[in-house]
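See the structures that follow.
Here chain A shows up in two complexes: once beside chain B, once beside chain C.
Presenting the complex of A and B:
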């Protein structure tokens, strides 16, 4: 089981490298889509079917958005040659973070033994034990989302709404034309 | 081992954010970071030979309780995935606007054309 997950994450790493290194944007977008779908399969192997479904749906919308954004526009090639200083700075940042992460890895709990094994009274344990009686939901993940932590979901909806409003206000043309028109009128008056 | 691979995925995304000059490539790198972080959080709650946190009718509940994976990281990552989609839509919208204004995705050109 855990070997399968290792193989899948390795494939994800390869896909991410291809997505970042390939010069063509179309190939890059398709590769990152492959990484997302592999992540969905990893979620299935990690016993998270809800996450797998959500990841699939979100990944499809992500691909459509990115292709819509760049499909007609991006035939140009942008070179990624940085100066020596910027490459050295990047290398230093990544090296420091890698060392930091390596020193953290030793303290992580062993893979496959979640916190609820060691501490019985964590919120997760309580949700698992009392979820069905308190909420009547057989799926504990939805019980947590919509009942125990419903305020988090409300906040999620707020953030999502704000992001969509931001995207729409950046993209809409009506207001921009009006303001440009009023600028021209002002110039005519002066 | 698995945590290390997950960390490598996050570092690859960070490398992309730091070195790429194309706004769409930067968005893609941010997506890779996001995948890595989600994967890491869900890995924290995994139990060896675990079953999904869904109670099946007629199942043995005590046995399920001992084998179920941690539901809390899954619920919060579900929230995070959906928020990630909203943020991606915002980034793509900004990227399209920048392309219309400067005629390029190259962030260096944008800096030169300013003002």
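Presenting the complex of A and C:
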């Protein structure tokens, strides 16, 4: 069980490295997609089918959109030969972060047993125990999302709404054409 | 069955298969939305799957066919309608039960595990599903417009 997750996460890390190192943008997008699909399998093994479905569907749409927007472009080769000082600073920061992370690892709770279980009457425990009685929803995830924590869902819906409105108003064609004073079809200049 | 014109979208094979599966994808998305309170899934994931059906039409049959199937205007209206339905349910909770987002409609405990079993939760799921489906489809339509901006030779005329 735990070994399976370790293998899947190692594959995800390999996919992420490939996405960074590969010369073509197309290959990067495909590797990022592989990372996302592996993540949805990890969710399945951690018994979170809701998240697995969402991750899978969002991954498909994201992959399609990324391919549509970037299709055929070669990624620009950037030589990252920074100055000695910037490389030393990056190394120092990474080292400090790794030290802090290593010191935190000792205090982590056991895998699969969240620290919130140590206390008696935590909200999550109450949700799990009384969710079905209080809401009537058999799927506890939906009960939490739409009843106990509906404010969060409203915030998420608002964020998505604002993002779509922003995309529509930035990428609209009408205003661009009028401000340039030309009315020819397909004449927009990036 | 009308044969699609070869001038737009992808090849005939892709478009024929798209014609077969698009209805099932949409049906699966609607199922995930409607049964979100009983089985894994919910408004967001079901909405994304339903949007995938329309994005498939957009990719396989071209922008014109997608516009005829699900127009940009209708998608924008559905987007706003979904958010407003969700907010209206929240405000109804405030009016009828005194708390914002209160689950005001308590259903019979004997009806547990049936479709109409958990008060307003299925209706919230429907609102969110409609909203997510329409907004993701809108994003896909708008971004396919970007491609025409960046690669004008794909659509018409000389390259930049």
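We adopt the following convention: the second predicted complex is superposed on the first by the 157 of 190 C-alpha atoms of A that agree within 3 Å, B and C clash if a C-alpha of one lies under 4 Å from a C-alpha of the other, contacts with A are read in each partner's own complex, and residues count from 1 in each chain.
Quick note on the criterion: a contact is a pair of C-beta atoms (placed from the backbone, for glycine too) under 8 Å apart; a residue touches a chain by one contact, two chains touch by 3 or more.
Everything numeric in this text was worked out from a predicted model, so none of it was measured.
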item: Partner chain in contact with A:25 - chain B first, chain C second, else both or neither; value: first
item: Which of chain B and chain C A:101 touches, first, second, both or neither; value: first
item: Partner chain(s) touched by A:58 [first = chain B, second = chain C, both, neither]; value: both
item: Touching partner for A:34 - first (chain B), second (chain C), both, neither; value: neither
item: Chain C versus chain B, contacts on chain A by residue; value: B
item: Contacts of A:145 with chain B and chain C, given as first, second, both or neither; value: both
item: Touching partner for A:135 - first (chain B), second (chain C), both, neither; value: second
item: Which of chain B and chain C A:153 touches, first, second, both or neither; value: both
item: Which of chain B and chain C A:46 touches, first, second, both or neither; value: first
item: Chain A residues contacted in one complex by chain B, in the other by chain C; value: 49-50, 54, 58, 61, 65, 68-69, 132, 138-139, 141, 143, 145, 153, 156, 160, 163-164, 167-168, 171
item: Chain A residues within the chain B interface of the complex; value: 1-2, 5-6, 9-10, 12-13, 16-17, 19-20, 25, 28-29, 32, 35-36, 39, 42-43, 46-51, 54-55, 58, 61-62, 65-66, 68-70, 73-74, 76, 78-80, 82, 86-87, 90, 93-94, 97-98, 101-102, 105, 108-109, 111-117, 123-124, 127-129, 131-132, 138-141, 143-145, 149, 152-153, 156, 159-160, 162-164, 166-168, 170-171
item: Chain B to chain A touching residues, read off their complex; value: 1-9, 11-16, 18-22, 24-25, 27-29, 31-32, 35, 38-39, 42-57, 61, 65, 68-72, 74-79, 81-90, 92-97, 99, 104-106
item: Interfacial residue positions of chain C with respect to chain A in the complex; value: 32, 36-45, 48-49, 51-52, 55, 59, 76, 79, 82-83, 86-87, 90, 100-101, 103, 106-107, 109, 111-113, 117-121, 124-125, 128, 131-132, 135-136, 138-140, 142-152, 155-157
item: Contact set on chain A toward chain C in their complex; value: 49-50, 52-54, 57-58, 60-61, 64-65, 68-69, 71-72, 132-133, 135-139, 141-143, 145-147, 150-151, 153-154, 156-158, 160-161, 163-164, 167-168, 171-173, 186, 188, 190
